[in-house]
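Mind having a look at this structure? Questions to follow.
Chain lettering (A, B, C and D) follows the sequence in which the chains are written, and residue indices restart at 1 in each chain.
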């Protein structure tokens, strides 16, 4: 698909939200697309980006500039064309019965929850962790919003797992938790899920060669063996990943 | 009408554009991305007798115009391939070449025997870029005499076309091409990946857990083309050109250098429909150039 | 203050960033592009006893993230270098490494003798990727025993640091690194270009008149880094890393892999001031990372 | 230099004229610049482009789309930045005394003559050869303008050397001829110069690695030995090149 960019605006200090044309609404929160940022062969591979929104012929992503590929992507202009394949992977799948979701996020890990919020009528209790206040600005209004920063510049000083553990819902054994963010955060959240016996799902990141299951570059070890993050994930059940 | 048919041993392909092993899964992953009948053939991920899990992560990284992989030949194994994959592949109507490897000569022979017996496997591609456990981890493909012996041993148990895929990590590829020909191989495919390395400067660790991996993609095209040309000038059996092909133009370079067919690898990741696109473009190019038979393009390079 | 000084034999360089032979002319062409005193050293175009005209045109072409050249070692010859170039180079205050080659062992020895006698040549880099006329056109750098003998013979006539530049067109570079060390070479530089080829599809002719040429540029970086790492793990003498360096990050990869210094080649064409820029960035990086001595970065790669 | 693009407009059917900022007026007609069209390493090398104009802080080039590099260049927008080095090479050097110049051009070979026209008060008699009329449109008003097309769609049917030979000035042994265009044309013009004993200068093209004399990729054989097109050229005296 070569969709036209409809909008490219900054989101907080570190991110950009990019909207582009998309012909259908068939995607689940937690799924991702693969974006080719140039026609040349450097950078060569597509970049995985979570879907941050999809409605009315428009898909959104939130992009953090990390290296060459995301730098090129973030500098594209309205009217330019992208090269996008997907959606790929398995999205979040919280039980129908659940009415409130504990959503733990860090950095661009917020992206899939923006999409989830737009698609779900469950109560979303968001926990956002960042190093400092520059990581903020990506959050739109979730139903409840809790912040933590490592340097204490916004919200509670400390790690996001601290504010999560302090929240009353964590003691509710029927609570359902979703998480997306840096590996260290996911691992900590996973341990909390296991320890507190809370059900949950984690969205993982791995370097991806293809995004659709053929390069075998994105494996993660689970208690059911090697799984491809791009096909069997990126969302995995809490307590199943071997870190 | 343009005749794009090419012949690899006793097998006729509808056109010379194939996908390369390890970049096309078991074909099924591409069934919704292109029409498998429209490409000459596809090559499976490398198969071993037993299922393998491969190397630790991370095992891929990007490099300028290329990538490094150290997948470690993870695959479902012969049994699962035969019972779970092959029946589904068969339904797509694809021409299937099974890539395989072993750690001992016996494993190679036994794998070949298994694949020979499987209906729906049209040809075998033997990957000799694997460490030979009997020879202390030295690659099978790094000693011409040994390669000839291996080819002979495998050829003895297969009637299907046997393609031997050469490693580029040698000083001179020509003796290896001759070894395959002398050993009775039906065709050569070249090249596999170049041994490479990349470092994450921030953490001061290798980007690939196992330190080394195989470099593929457009970056290696000039080296691949040179080696394919050298093979074509050395043997009479067909040579399948592989390495960095990303466009019709690239495919034509390999054909003109003498390749009978080509395989596209890494670029399947970037553009999943690329094999079908290039097969279509090749047909259009032949019409525009007045080429009625693609085999006349093979080896048509003019040296002044 | 950051100490960027590194040592190649008896020669101390102000920093480890050098330019590579054949990509920096005789230095003079860069005098208005950067401050030659700000880079560790520059390496001259390969010199031979007599002036050489080189190969027929076309002798360069572009490839994905790289280029192929088949200049054929065109150079002004020792006499013109000594009388016309060296006096002017001397005025720039640059540290000069003279790259040289021959077609026979005697030519190598005689060239080295000439360069040893020239004031203003600080070190010698011996290019062994040249066809050896006595051995029927086989490269000097393709037989470790021969390379050791050549190194010994040359070392006998020079006191200045002797760097031997290795060819990557070998199955395993490590025996060649050992050969240089055993032959008494003061340092190794690696790698020279990879043998490659490219075809102009429209005319069906090779893009390089001589068909084959040497591939250089970012495309080869993963292969170069791997070979440099292998050399560093094989010998105790300093290794100078070369191949595809285009950024500070690339230079650091080579240093972390064990290189004492690096050379930048092809990228000088694209960004003539790149050596000076990266030398500056390296200094800033050391400050930011709290590195007080660059030699602590060399070989700092961590393998888990 | 990283000059800003001030204008990028089509010129005829095949070419684009691109203007960008340039700090000084120091360049001679016939000189060229080297342009890097991307920050990535594919395409890797700079592309040589003749200077087609330089005045008032603005340099112009005329670009024909041939391959990847020129395609990227021609798609740049006003406001984008270029990466330009040079000027390089030796320009045209017609004798001071000459009052009229015979300028033979094909394709983008017109570019240096546009610059020459803007810098010179000599009479310029232009001969423009093309395959068909799509090659036209690049010519601005020279003092005299003669066209030829291979298919006869504009001007005289035939080669540019035909209309050159038919021009009365060619018999004037004091005429001075300048040429820039495809190799075949240059060779034919060179032969005319030698045969008709006319003085002249030819601007050559060769693949260039560096543009400033160090890669030795752009050599041409002359009667004084190997010369670098980028340093000793691109302009060479007629009758000196060994074709």
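Methods note: a residue touches a chain if its C-beta (ideal position, glycine included) is under 8 Å from a C-beta of that chain, and two chains touch if they have at least 3 such contacts.
Worth saying up front: this structure is predicted, and the values here are computed from it rather than measured.
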Joint neighbours of chain B and chain A, given as chain labels: C, D
Centroid distance [mean C-alpha coordinates] between chain D and chain B, Å: 46
Whole-Å separation of chain centres (CA-atom averages), chain A against chain D: 54
Between chain B and chain C, centroid-to-centroid distance (C-alpha), Å: 34
Numbers and ranges of chain A residues touching at least 2 other chains: 41-43
For chain C, residues that touch 2 or more chains besides their own: 64-66, 218-219, 246
Touch-based graph of the chains, sorted into line, ring, star, complete or other: complete
Of chain C, residues touching chain B in the complex: 63-66, 68, 142, 169-171, 194-199, 201, 203-206, 209, 211-212, 215, 218-223, 225-226, 229, 244, 246, 249, 252-253, 256-257, 300-304
Sites on chain D touched by chain B in the complex: 41-42
Parts of chain D lying in touch with chain A, wherever the complex brings them together: 38, 40-43, 68, 72
Complex contact set, residues of chain C against chain A: 64-65, 218
Residues on chain C engaged by chain D in the complex (per definition of touch): 22-25, 29-30, 33, 45, 53-54, 57-62, 64-67, 69, 71, 74, 217-219, 246, 266, 268-272
